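First chain A sits with chain B, and in the next complex the same chain sits with chain C.
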Partner chain A sequence: MTPSPLRPAHRGSSLAALLAFAAAVILLAIFPSFVKKPYVLHMGVMLFLAVIQGQAWNVIGGYTGQYSVGHSAFFGIGAYATMMLLEVNKIPPWWGIWAAMASAMILSLIIGSITFRLRGPYFVLASISVAEIIRLAALHFKGFTRGAEGFLLSSIPPLHLFGTEIEFFTKRSFYYVGLLLAVVTIAANWAVQHSKLGYYFQAIREDQDAAHSLGINLSFYKNVALAISAAFTAAAGGFFAMFVKFIDPNIAFGLDVSVQIVLICIVGGIGTIIGPVLGAMVLVPLSEILRNPRGLVQVGVLSADSGVVRFIETYLSNAHLLVFGILVVVVILFAPEGVLGVIRRIVGRSRRRRTAPDAAASPA
Partner chain B sequence: MTVFLQSMLSGLLVGGVYALIGVGLTIIFGVMRVINFAHGDLLMLGMYATWFIFTKSGLDPYVALLATAPLLFLWGAFLQKVFINRVLNALPQNQILLTIGLGLIMSNSMMLLFTSDYRILTTTYSSSSFDVGGLSVSQPLLYSFLITAAITGALFWFLSRTDTGQAIRATAQDREAAQLMGINVRWTSILAFGIGSALSGAAGTLIAPTYYIYPQVGSAFTLKAFVIVVLGGMGSIVGATLGGLIIGVTESLAAIYVASGLKELVVFVLFLALLLFRPSGLLGKSRA
Partner chain C sequence: MPMLEIQHVSKFFGGLAANADVSFSMEGGMIMGRIGPNGAGKTTLFNCITGYYPPSKGEVMFKGVRLNGLQPDQVCRLGMVRTWQKVRPLAKMTVLDNVMVGALARTSSLAKARDVAHEQLHIVRLDHKDDHLAGGLPIGERKKLEVARVLATKPELLLLDEVMGGLNPAESEEIIQLILDLKRRGLTQMVIEHDMKAIMRISDRIVVLNSGEKLTEGNPQEVANHKDVIAAYLGERVE
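For the complex of A and B:
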């Protein structure tokens, strides 16, 4: 397998990066106190969701190099488990989500044992097949999953925490839960990347056979990576189900979901921590604006009779998948390392120009 | 027993068209080692082209085939020259993502142009059937099976008796050796993708009278095409033909004997089993 051009992760993390991250989190946390428009908070939640999905996929796809295009299996399991436990068994989602994560991890062990002996494109095909099998089964076994009717959320009970009652009617509570989940996922990713586990994963990505010859148990570590990835993807699924309040097999297990998860990492910069964040920042606003250009008017960015809004409404309504497709093609052809790669190239070029002219020429 | 025979027969007839899709995909993979995720969307384009020609001019789909197949050939050649050619040496995962992106572009452009409404193409014989010894043979399916057989025969002849065809097979066997023999592999790649697309578009034309036509119809066929190609052996045309027939029959029998809603699931389970136990398929040469 051709080695990828990615640089290995730094062992330590710079203090500057940590401080920047903390500052960003604090800013995001106080943001809803100033901006109350529900549409903006909605965008924030979708952004956090995309970040969680991207970070989770990165563990198996970016670090370990196993491109799973069937992650909707875990996302859907998380969504359905949380939803069904709440609707059928009246278990609130803050407990239900743990069950969702656990079931996803069990599923990942099953899937891993089946698919990990396949390499490269065959693994991609197998992962897609597994997700499709689960989707078709969910559609067919109506007694259990209500089939194509799906589940409609009635209401989320309020959460009593530290003496206060947190309700889940407004978007604000979801915003904070989303932020919390995103921070936890990023922290978990960072922990993995800077641990021995992370090194094993990257060794597997770079050259499976070499890693094996060094004594790394391939199937064990691949399964660990998939389990971690599955757990966080399922958490995202459960959160999604509670937020959008309706799921059916196509929304939860569809191939679209799997492709979008992969896109977040590819567009942003695969195998890095900030990559999925960048990818989310590109893809989510794009898809939300195309789905609902009036939203831009609501938040006051554009005026109500702006030509842009009208153009999008007439020609590009629901064309976000088209734009995603174009984005994928452009990224793969011209920037396979994503937005992060482009940024690195620009920064690298400006740095080189600042060094002395008689310094040794660096490779292009 | 009649149910079984009827089911086998329908399965074989549909399997013929599946074989066409599979053969196209296997040629593309054989020559370029690219896993074309947009294959079903090429079929979808063939369906829409046929529907468009039919609604504008009333031309019978099986005649329109003479127009849609070359059209899809040119489109496939264009895709190869402009997009696929640049990633021939990239990671296979990136190749897959590129074709996924192209597929998304194709299906969503059609959605914007024609909306997601289901279209149907009904000819005078769309629902008629022949009675053969107590079994019902669907007329449109029979015609498409015969045309498929003719196309496959022509393809066989092209690949084994003409210089260009042998050049394509040589490129599939060993790209570098073919180059050393003086074969312009860039041309054969373009030809291969063009032929693959033309076959997929032809399949779309042939099934247009019997299927709903909508922009997302491609993805189901892409996945099925992969099952067929893996079953037959990546790169083997005879294998893909056999694979198509087998999958057609399997699907048909599963609909009767397992459950109608689970027939696609059975195909996917078969796919997983294949990938695990015999990834080189029936007739494939096992390559990494």
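For the complex of A and C:
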């Protein structure tokens, strides 16, 4: 029997998980001192971004069971708010991102009050349409958003912190900011899971009517879940805007942003903390390699005249969404609980084999 | 003041009257049985009382508070909670977590909720299964879980919708003892049940519904001998 993600953790195992998490963070923190290749650091930043997005979506989609496919709304608001505060008002991003998160939370309450009237597939469709309306509005109101022209980042002012000056030119600085944001998001997710909120969110996911009868105010708790999710998605958006240095309505508010956020969780495993991390580890390298196979040459994995590089460039460079689509079909058919489900199945099987060698030997 | 007062409650679905002008009241501390043939409007009345849909006409008063227009979660926090005829376990959560969700209606502390949940699981004798997934329980234990979960919300009035449905005689007997035990602990209960023997044993008073209307009301003896009740269940006597 698979353990519930909310099962009161045994002290030993949660300590082990904490130690493993701390070790992973330390390893990731010293990683750039050994590997300095920009392509690898770039991949690291994209990985952290995906982890933040996935963890954020997990709160509303994974725990609360409300499959929003409109998270580009919050991602885009985060990106635009951070970018516009910097470019128009000269407010640096480490202040701007708070404003971005607050705007996303306010937006989430408006979106929630509309979409949470609906359940199941109707909620999914409503979340898509609301996000599309916002994308079209961003394209249309040129006076405010500059429309399709978008925003190009001029420069990020240096950050003075504890007497040192941090410049945001290098991939390395973004790598550390991304790592910090990912750690904060994971910690927030853990805190939600181990609180009344986590229990209520899961109860809503499992059975809304039962949850309602047990004293859970459905619309209140769904809105809380969406607001938390929106805030961290907006942080991801702001970070993304600063990193890629250019945003327009299609990049920030596009439907494919929403879809990729959901994919991170579906591929990794929905409703757990480790799931989005695994999903990011599968999807990000895949998408980066498909988009730019020359990176592998730069890192030295492949030689420049390798047939693989030529194949990807010729046939797959513009087809990464197609490859994603096929991947989703494969996951849904063969691993409906994501990579995490596959790992659990393998671990469970080998554990059973160890405890009951006779049972495993007999053809069952 | 009666604990619960149902005053002229009607519920229409289109032209169909699922409940028509039903009135009765119940005092604290008692067990009220509610019987009636299939389609008599027993569950509809539960839904009207607990806020799943507002009555089309009439009023529901609980401890002197008018419930019309309140949501189920508000009704629960006022102290009235119902179980489901078709059980609704939170399948991918453990038995203990299911009951904790109920307990969290009264506290925000997980530790306190866990204590309350353990107590309730002990009362329904399900404590040995606390780390099982709720979705994997057999029907008898699901029914018990349903009861433990609502008990954890610390209700003053418990509405039980066919908790013995689908159980074997031994399991039913356990539930009967549980209901009587809860009565001794001072809990007021309203019980919908099809098992006549069981309902006659546990009820202090019985309300009979038929085709959405109240047929009669009285103590078990009176109801069992009432000619309209016999007619509703068995048909008219052939002369």
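Criterion: the second predicted complex is superposed on the first by the 343 of 364 C-alpha atoms of A that agree within 3 Å, B and C clash if a C-alpha of one lies under 4 Å from a C-alpha of the other, contacts with A are read in each partner's own complex, and residues count from 1 in each chain.
Definition applied: a residue touches a chain if its C-beta (ideal position, glycine included) is under 8 Å from a C-beta of that chain, and two chains touch if they have at least 3 such contacts.
All figures in this text were calculated on a predicted structure; none of them were measured in a lab.
Asker: Which partner does A:Ser195 contact after superposing on A: first (chain B), second (chain C), both, neither?
Answerer: The second partner, chain C, only.
Asker: Quick one: is A:Thr82 in contact with chain B, with chain C, with both, or with neither? Answer first, second, both or neither.
Answerer: Touch status of A:Thr82: no partner.
Asker: Which holds for A:Gln55: it touches chain B only (first), chain C only (second), both, or neither?
Answerer: It touches nothing on chain B or chain C.
Asker: In the overlaid three-chain picture, which partner chain does A:Gly215 touch, first (chain B) or second (chain C), both, or neither?
Answerer: Only chain C; A:Gly215 stays clear of chain B.
Asker: Considering only touches as defined above, state whether A:Ser103 meets chain B (first), chain C (second), both or neither.
Answerer: Neither partner.
Asker: Please indicate which partner A:Ile128 is in contact with in the superposed arrangement: first for chain B, second for chain C, both, or neither.
Answerer: first
Asker: First (chain B), second (chain C), both or neither: which does A:Val328 touch?
Answerer: Touch status of A:Val328: first partner only.
Asker: Between chain B and chain C, point out the one touching more chain A residues.
Answerer: Per-residue touch count on chain A favours B.
Asker: Same chain A residues contacting chain B and chain C, which ones?
Answerer: Comparing the two interfaces on chain A, one with chain B and one with chain C, the shared residues are 2, 4.
Asker: Under the touch definition given earlier, write down the residues of chain A that touch chain B in their complex.
Answerer: For chain A paired with chain B, touching residues are 2, 4, 67, 69, 114-115, 117-122, 124-126, 128-130, 132-133, 136-137, 139-140, 255, 259, 262, 266, 315-316, 318-319, 321-322, 324-329, 332-333, 336.
Asker: Taking the touch rule as given, give the residues of chain C at its contact with chain A in the complex, in rising order.
Answerer: Going through chain C, the ones touching chain A are 50, 52, 71-74, 76-77, 81-82, 84, 88-94, 96-97, 100-102, 104-105, 108, 110, 113-114, 131-133, 136, 149-150, 153.
Asker: Over in the complex, which chain A residues touch chain C? Could you list them?
Answerer: Residues 1-2, 4, 6-8, 194-196, 199-200, 202-203, 206-207, 209-218 of chain A touch chain C in their complex.
Asker: Can you list the residues on chain B that touch chain A in the complex?
Answerer: 35, 83, 86-87, 90-98, 100-105, 107-109, 111-112, 219, 223, 226, 230, 259, 261-262, 264-265, 268-269, 271-272, 275-276, 279, 288
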